[in-house]
Amino acid sequence: MSEKPISRFPPPEFAGLPRDVRERIEAVQEKSGFVPNVFLALARRPDEFRAFFAYHDALMEKPGGLTKAEREMIVVATSGVNDCLYCVVAHGAILRIRAKNPLIADQVAVNPRKADVTPRQRAMLDFALKVAQRSREVDDADYEALQRHGFSDDDAWDIAAIAAFYAMSNRLANALSIRPNDEFYAMGRERRD
Amino acid sequence: MSEKPISRFPPPEFAGLPRDVRERIEAVQEKSGFVPNVFLALARRPDEFRAFFAYHDALMEKPGGLTKAEREMIVVATSGVNDCLYCVVAHGAILRIRAKNPLIADQVAVNPRKADVTPRQRAMLDFALKVAQRSREVDDADYEALQRHGFSDDDAWDIAAIAAFYAMSNRLANALSIRPNDEFYAMGRERRD
Amino acid sequence: MSEKPISRFPPPEFAGLPRDVRERIEAVQEKSGFVPNVFLALARRPDEFRAFFAYHDALMEKPGGLTKAEREMIVVATSGVNDCLYCVVAHGAILRIRAKNPLIADQVAVNPRKADVTPRQRAMLDFALKVAQRSREVDDADYEALQRHGFSDDDAWDIAAIAAFYAMSNRLANALSIRPNDEFYAMGRERRD
Amino acid sequence: MSEKPISRFPPPEFAGLPRDVRERIEAVQEKSGFVPNVFLALARRPDEFRAFFAYHDALMEKPGGLTKAEREMIVVATSGVNDCLYCVVAHGAILRIRAKNPLIADQVAVNPRKADVTPRQRAMLDFALKVAQRSREVDDADYEALQRHGFSDDDAWDIAAIAAFYAMSNRLANALSIRPNDEFYAMGRERRD
Amino acid sequence: MSEKPISRFPPPEFAGLPRDVRERIEAVQEKSGFVPNVFLALARRPDEFRAFFAYHDALMEKPGGLTKAEREMIVVATSGVNDCLYCVVAHGAILRIRAKNPLIADQVAVNPRKADVTPRQRAMLDFALKVAQRSREVDDADYEALQRHGFSDDDAWDIAAIAAFYAMSNRLANALSIRPNDEFYAMGRERRD
Amino acid sequence: MSEKPISRFPPPEFAGLPRDVRERIEAVQEKSGFVPNVFLALARRPDEFRAFFAYHDALMEKPGGLTKAEREMIVVATSGVNDCLYCVVAHGAILRIRAKNPLIADQVAVNPRKADVTPRQRAMLDFALKVAQRSREVDDADYEALQRHGFSDDDAWDIAAIAAFYAMSNRLANALSIRPNDEFYAMGRERRD
């Protein structure tokens, strides 16, 4: 649709990219039908590209006490307070699809207190937002609040690590001005009832 | 879709409402196909309902130097910084429709600096956000910045008054917990190209 | 005394105003002995003038669980945190008169925690200030805190609506630079003991 | 009028105070007609009392490029942003008297940008407020802004030192809850025209 | 080592200083082996010099419920949140020496929540930081929290007064750009085990 | 020296770690003489360990327009505003060694405006701090400010990416409470003149 640049930096020549980077990009293209701009933007720097997506996969694709939809909720909520357009829009789409809920992403991005989440998920988001905004103040009481909702300490690590990884990602996308693909905005918005 | 309450306060009996309030509600129902929850929530207090919508119409429906889409941009941008779910979702839908642009509302709500707006619109939003967040600091330099983009002093009043009116509206919706109707989320998202 | 302009915008020709606007201005002149500048400033836009004062009257003149002095306390406290000179000075005068207390307005404007108010009034002001400054965080606990002091949910609506209305009014007065009349500063300061 | 305590700490027995402390208190009583509560509150600690007032006199009573009214403007403006009721009310009275202006104290306390001050005084207050709120960021540009209004570097020291001294004083008065004497509120409010 | 200026203002001619100022400077030189720059910077203004150090001694050298090391902890923690390089570095050195702990100063300056302090000291620092940053909100609950750790109300005064004095001192050092002597950085860092 | 835990999570059994993780830990032990706690803390999660250090190396060890000391300046300055004890202490040591300057780390951590850095380094730190604290506001003017000091756009990416990576790292260290090794505090503090 639009012909806007994908970021402040021009994308690299695809053919000149290392094979593993090209394969990762081709895989996401095949799965999604388009290449999310963050892949093209970061491909300019293959070592950073590899580390970024390895870290992403280690946090977002691993087994554990959080569902995949809950991990995306953390991404969208913390990206919302960081005003990161790329992450709110792109991960908002993923959240709608994973949660099978067309409303949840906008709710969580604008104000998690008004979102249709369980009390357990609300506690998860409270912790994530504290890590995102006031990590200096995290202490025992925050871990105990999670435990009261059944989260283990390893779940707490997962929540903290996802909030921290997107603290990085939000700053990169904001500073490099990575533009969300137009396709993301409408994905997963059809009603399911 | 959902059966969630429209706000912290139960809606009034429709039949018991004053005739002018009922007529306003019936008119919006006819035009939109549903009744936005803010009408039902405020109808509990007819005098406040009348003043609220009279003020709304005086600012949003009048002629002047701002287009209707630009007025909605101001609403969405200032509601974004106030984290008002109702106004971001409901006015986001109206903005998409009035601007004939399925992307603009999410852009303006999350980060107006990354939105596809003209430099003139960016200056308009900068002023609106200053009124919303730091009105104590508004001074001559802010009016001069608007003039450089062709805005008259009466346009400046319009921008300030819309930002101020939604400062009120955002606080009401947040404090009374007015829920945006499910219908708003997907409105105006179809591509137009 | 001073010949300073009443606001950034020149006042309209009085004779050219609609009759209902003129009558409202003549009534306040008769009652107060002078015309508060907000009336002249807003008269430039009769529709906004009418909606503004209709909303004001609906919130400030109605019966309910809050005394008129308490409503003015909310105005002065929230205008204080918004640094709105017009509202602190003009409503400070009204508060001193309605509360028959020459000290209360300065106390509430500078720091409500140090004011000579009852614990019930302190809870009312805490809620009002939260609506003014952090409405995104208002939740059940805030309503319960009010209930412990005997406030009904409709009283809570009143407090929230007054705080929200002056969030608008403060932004308008700051952005349009409406100057408080010199007469307000000394009104109601005589001791009553 | 009121019988409220002068601070969170009971005042010391007057007769038991060291002679120099008693003499200072008697002198201010004679001059003002009453004893400002800060004298009684600090007399509980004679060494701190002596250092506090010695510092006060060194900054507020010395000759230099600032008038006594301008020094009080700095006190009132910085005490306003620190929400210190004692200093706003007590020094507001002194400012009204020294400036022979019944309006200036409320203007400066609520919003210095709206106060009837000269551009030179506005630059002085901008510097003072930066020292009060963001001293970490003071740099060459701030000194140059003062120079453009004719302030010497020693004037800049005076402004900074007064802002710094009341940063201390505001915190003491807030933490010890020192109550302003009722007499201060109405002093200097009579019109002079 | 470095030849950087001691502050934005040149130091006064030593021989031309009043005798008591010279004697105080000579005493600290003898004790420390060098003259801390704050003495030379403030000597430019003998009356302020005398009041400053009289106040310092009244708070830091007096007997009372806080150890000398604990007083320095308050200085370092509050200077840390005020980003005052002079006070963090100079008083960090004094704290390391008085506490016989080479790690404590950096811990307290960067994040007191992660410092090796007792719960009682943590409560002391919480109160000091509240006085430094949000003195407007200090109330009964803060005094009660101190009492639960065995602090008397006079101890609370000490904590508040030290935090307030360094609120002044930090602003002076930042605004005058007083440079910490190179000697301070490494003092007290040798291990004691 | 101290026997404090390395973090909120117990370190993993060394022998049970994957070979590549063990080798990386042995290499740093050999080079530094001790194992920095972040290695032991993250080894609990080998995939995250690998991605973290791969990302670190891609940013901190690569060639480019920034010296290694300048990269550490960015780490220390941004960790300072995030109040991250681990990163300020550990990277402060590395910065002192790489810059061959025993003073620079404390200066940059407490207040970069008072640090002995070149104007070019000051511009670099201003950009890094904006990415750390207000990435939502980064725009063309920030890139132009860097260009005026000779930084290329790829240098800007480096600065932004380092600030972003430590935004993550600071949040992890704060949330997991990773304790800096005692050895770091005194490293690189000996004078070099």
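Chains: A, B, C, D, E and F, in written order; residue numbering restarts at 1 for each.
Note that a residue touches a chain if its C-beta (ideal position, glycine included) is under 8 Å from a C-beta of that chain, and two chains touch if they have at least 3 such contacts.
Since we're looking at a predicted model, the values are computed, not measured.
Shared contacts of chain D and chain E, meaning chains that touch the two of them, come down to C, F. Set against the Cα centre of chain C, the chain with the most distant centre is F. The mean-CA centres of chain B and chain D are about 44 angstrom from one another, to the nearest whole unit. Chain B and chain C have centres, each the mean of its CA atoms, that are 24 Å apart.
If you average the CA atoms of chain E and of chain F, the two centres end up 28 Å from each other.
Once the centre of each chain is set as its mean CA position, chain A and chain D turn out to be 51 Å apart.
Multi-chain contact residues of chain E (touching two or more other chains): 83-84, 111, 136, 174, 177. Chain contacts in this assembly follow no simple pattern; the graph is neither a line, a ring, a star nor complete. Interchain contacts (touch definition given at top) occur between A-B, A-C, A-E, A-F, B-C, B-D, B-F, C-D, C-E, D-E, D-F, E-F. On the chain C side of its complex with chain E, the touching residues are 111, 113.
Chain contact summary for the complex, chain E toward chain C: residues 136-137, 139.
Looking at the complex, you find that chain D touches chain C at residues 1-2, 4, 80, 83-85, 88-89, 92, 102-103, 106-107, 109-111, 114, 116, 174, 177, 179, 182, 185-186, 189-191, 193.
Residue ranges of chain C in contact with chain B, taken from their complex: 8-9, 45, 47-48, 50-52, 54-55, 57-59, 62, 82-84, 131-132, 135-136, 138, 143, 153, 156-157, 160-161, 163-165, 167-172, 174-177.
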